[in-house]
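Two complexes follow with chain A in common, the first pairing it with chain B and the second with chain C.
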Partner chain A sequence: MTALSRHAGALVLFGAAAVVPLVVRDAFFLDSLVLILLWGALSAAWNLAGGYAGQVSIGHASFFGIGAYAGAIMVTRFHQGPWLGMLLGVAISIVAGLVLGFLSNRLKGPYFALSTIALSQVLLIAVSRWRGFTAGGEGIPVPFRPGFATLGLGHVAWVYLALAVAILYYGAEMYLERSRIGYQLAGVREDEDAAEAIGIATRKLKVIAITVSAALTSVCGTLWAQYIGFVDPAYVFSVDLSVRFALNSIIGGLGTALGPYLGSILITLLETYLRATFSGLKTGFTGLYLVIYGAALILVVRWVREGLTGIAARLRVRMAGGARGARAHA
Partner chain B sequence: MDPARPLGPAQIDAVAQLGVSTILLGGIYALIAVGLTLIFGIMRVVNFAHGEFLMLGMYLAFWSFTLWGVDPYFILFVAIPLFFLIGLLTYVLVMKGVIAASHNVQIFTTFGLSILLQNVALVAWSGDFRFVRPWHLSVALRIGGTTFNLSQVVAFVIAVALTIALIAFMKWTHTGRVMRATAQDRDAATLMGIDTDRVYRLTFAIGIAAVGAAGVLVAPLYSVYPTAGLQFVLLSYVVVVLGGLGDMAGALIGSLIVAAVEVAGSYVFGIAWKEIFYFLLFILVLVFRPAGLFGQRGSETLGA
Partner chain C sequence: MLTLESVSKRFGGLTAVRAVSLEVREHDLVGIIGPNGAGKTTLFNVISGYFRPEEGRVVFAGRDVTGWAPHDVCRLGLTRTFQIVKPFGNLSVIDNVMIGSLTRVTSVRTARADAERVVETCGLAPYASARAKALPIALRKRLEVARALATRPRLLLLDEVMAGLNPTELGGLVDLIRRLHAEGLTLIVIEHIMAAMMRLAQRIVVLHHGEKIAEGAPAQIVGDRRVVDAYLGEEFVLAQA
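Showing the complex of A and B:
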């Protein structure tokens, strides 16, 4: 496969995202685009631990929340720029990531997943109750101050910022896939005992993957808080959010660089469509769209088990199969 | 409390009250958790929708009390078979297809189910907080300086009776033995000619029947709303891991420990902080005794 065809999906996707703001000025559309890119990047960050290293976390909202709060508190309480908050968030997330990495070496599968939820719940409760510093359950409104240093940007600028992050994470994972560490991680994911037996430092690798994943999640958390302009613990540390990061990757394709973005497009569009069509205002039933969303989730997870990228790969093999198969059998 | 101060009558009463509260709370948590420990232990499925069945049980109690004035504790006779059927139906429609799939697929399937059920309740009955107030809720019992109400005691007695009945069922009936065998080694059980699909179907139905009954029992003690199950489901996982998965007697002890942590934590640090203690306890147990306090066999296949 040539480099071009390997990146074809990403080129189309990111290319479209780069061109759209030049043509479309509709705020709702641009807002959806920013969120698709941010959710995609967040899911790509999760994918590093959950997909590449096989350490499925349902507590990544911990790092998202740390990033969001670090930015918001830095701006409102210490009157510094959000970029400094982002750095602080990354530092704290690295520590929390090390804790999770330690847990990943003690626990596997559902036990690890449960421990990650517990971590996010501990943070949720701590931030909700520590009113004096975090403003508790009420949350913090983040003031809008125009300028790049304060991240007070218009919709178009936000699209490009989110796009830059998305491309950066995509590129990092593309590079990882072909690197020595990438292959070692695949070994850890597929068979940890076998990987250890051939001399791969599995424990260290898992900790590194989880910690880097935590730091990348935290960065997006800070960006998200500055973009939305409001943080509250019940949302930023919620299990729903953690599930969302994981879900995008699983639907898009676990352990693939493009998968999280495909999943993000599908889930975000599905959610937006359902919310618009079956909203409480239109149907008179609050929550009806979530009933359909829940049902769709069950079906999608069951039928798209290998992810969208997996399906695409199979189709490609089938299409190329005629020519190649003939040669192979000759 | 100042530890240097001698224990006067007031302190002794407080300790007795905390002890009684712990036991009453623990009994109810046990019934919620036994269903989960069955499903988690035997089917190896992390059921995130477990709390939603509890919530449905609470609504059943609420509506039958509000519409027909039926006491929640009589509704149990309807609730247990009804939730058994709901469990069977859920297994056939949702769980059967993912039982052989990866943990990821199972986790996200039950999470979807949880969103679905929560919002079905929201659409059908709105997000209002509802209350069930039967006469026995206002009957206070005072024994030896401790006070509690009749509802708590009845809920406790029924919950413990049901839990013990389940334990007896698992221990002494053939079906129970078959279920335990499947929990310990799925492959060996299949080789011995056990129909695992039937075991899973039964396990899920029994687990849901137990949690549905628990929902009916706790309805007078907590407010009823669409996401009421959430606070119980994570707590139940603490109990299940503490007790060892699939170990029902362990779940009983685990429930008492969690209840003690909750009661003592809210007494000393205030009610707002109570949850943080059992999550910290949870992480500690996972780190130091992941196979449960008593080391349940078969848990290593789940990554303990």
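Showing the complex of A and C:
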């Protein structure tokens, strides 16, 4: 496969995202685009641990929340720029990631997943109760101060910032896939005992994957808080959010660089469309959108196990196989 | 090269391996036989670092490796395979083997070239790009050996790589093991198939209820009263006669 065809999907996707703000000025549309890219990048960060290393976490909201709060508190309480908050968030997330990495060496599969939920719940309770510092359950409004240093940006600038992060994460995972550590991670994901037997330091590798994943998630958490302009513990540490990170990757294609972004497009659009169509006072079916959303997810998970990138790969193989077959018959 | 000094491994009240001592020298080909539950695989797990023995020492290449992590034991030059094969199912055969090579080399390109040679040696070249989980059992057993070989071991532990194979497949694998041995590899082989073991091993160790009850040349072993009683049975002796 040539380099071009390897990146074809990404070129189309990120290329389109880069062109859209030049043409479209609709705030709602641009807002959706920023969110698709941010959710995609967050899911790509999750994918590093959940997809590549096979350590499925349902507690990544922990790192998202740490990043979001680090930025918000740095700005409102210490009157510093959000970038410094991002750095602090990354530092704290690395520590929390190490804790989770340690847990991954003690607990397997569902037990590990449960322990990750526990981590996010502990943070949720801690931040909700520590009113004096975090403003508790009411949350913190993040003031809008125009400028890049304060991340007070317009919609178009946000699209490009989110796009830069998305491309960076995508590129990092694309590189990882073909690297030594990437192959070793694949071994860990497929069978830990076998990986250990052929000389891979499986425990160390898992801790590294989870910790880097935590740091990348935290970065996006800070960005999200500055973009939305408000953080509250019930949302940023919620299980819903953790599930969203996982779902985007699972639906898009676990352990693939492009998968999380494809998943993010599908889920974010589906959610936005269903919410707009089936909720509100007019329809009289408030909440129906959630039912349809849930049913759609079940269908995908049931029948498209390998995700969207899996379908693409299968089609490609079938086409190549067809061509070979034709040649054999000729 | 490998020395076990009175190694014991217990699970609760059950002693799976009891005070087993063993000396394996450079270029040996040692067979381990014994009935199911005799402690053969447990012994492998102790040697390769998966279990820490309650008593005794494991010395490999002049180092006391008792309690080492398996990946460190492997890096020192001792690699084992699993009785219940553990391929990286969703990866191709070549990628499986290449991950083994990456333990010795850092460059992916070099590792791939290495892996291609190993795949060729093990007769897996026609299946190099097949997904590991799509292979039939005989080839998955070969893959298990290939992946271990890619780590360039000095001592290779094979845990029942011949079980469940038909006579043709069996012959192929026996030839492969002999070839590896001829090229200078030291091996310890667990096997139930006596015919293959008689052809392969220079020395056979018999385990029974976790204890070593006999050790010697194959011809010596089949004549050993205790081995016949514990494992081979009278019919085997009659058939040999």
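General observations
The criterion applied here is as follows: the second predicted complex is superposed on the first by the 324 of 330 C-alpha atoms of A that agree within 3 Å, B and C clash if a C-alpha of one lies under 4 Å from a C-alpha of the other, contacts with A are read in each partner's own complex, and residues count from 1 in each chain.
The rule we apply is simple: a residue touches a chain if its C-beta (ideal position, glycine included) is under 8 Å from a C-beta of that chain, and two chains touch if they have at least 3 such contacts.
What you see is a predicted model; the values in this text were computed from it and never measured.
After superposition on chain A, the partners chain B and chain C are seen to fit next to each other with no clash. In the superposition on chain A, A:D191 makes contact with chain C only, while chain B stays out of contact range. Once the two complexes are overlaid on the shared chain, A:E271 sits clear of chain B and of chain C alike.
Computed from Cα centres after superposition, the angle at chain A between chain B and chain C reads 80 degrees (steps of 10). Once chain A of one complex is fitted onto chain A of the other, the partner contacts of A:G199 are limited to chain C, with no touch recorded for chain B.
In the superposed model, B is the one of chain B and chain C that contacts more residues of chain A. Contact with chain C, but none with chain B, is seen for A:R180 once the two complexes are overlaid on the shared chain. Annotation: superposed on chain A, chain B and chain C show a minimal Cα-Cα gap of 13 Å. Within chain A, not a single residue is touched by chain B in the first complex and by chain C in the second.
Put simply, chain A touches chain C in their complex at residues 178-180, 183-184, 186-187, 190-191, 193-203.
Those residues of chain A lying in contact with chain B across their complex are 56, 58, 103, 106-115, 117-119, 121-122, 125-126, 129, 243, 246-247, 250, 254, 285-288, 290-291, 293-298, 301-302, 305. Partner chain A is touched in their complex by these residues of chain C: 48, 50, 69-71, 74-75, 79-82, 86-91, 95, 98-100, 102-104, 106-108, 111, 147-148, 150-151. Only residues 40, 44, 46, 94, 97-98, 101, 103-105, 107-109, 111-120, 122-123, 126-127, 226, 234, 237, 241, 272-273, 275-276, 279-280, 282-283, 286-287, 290, 302-304 of chain B touch chain A when the two sit together in their complex.
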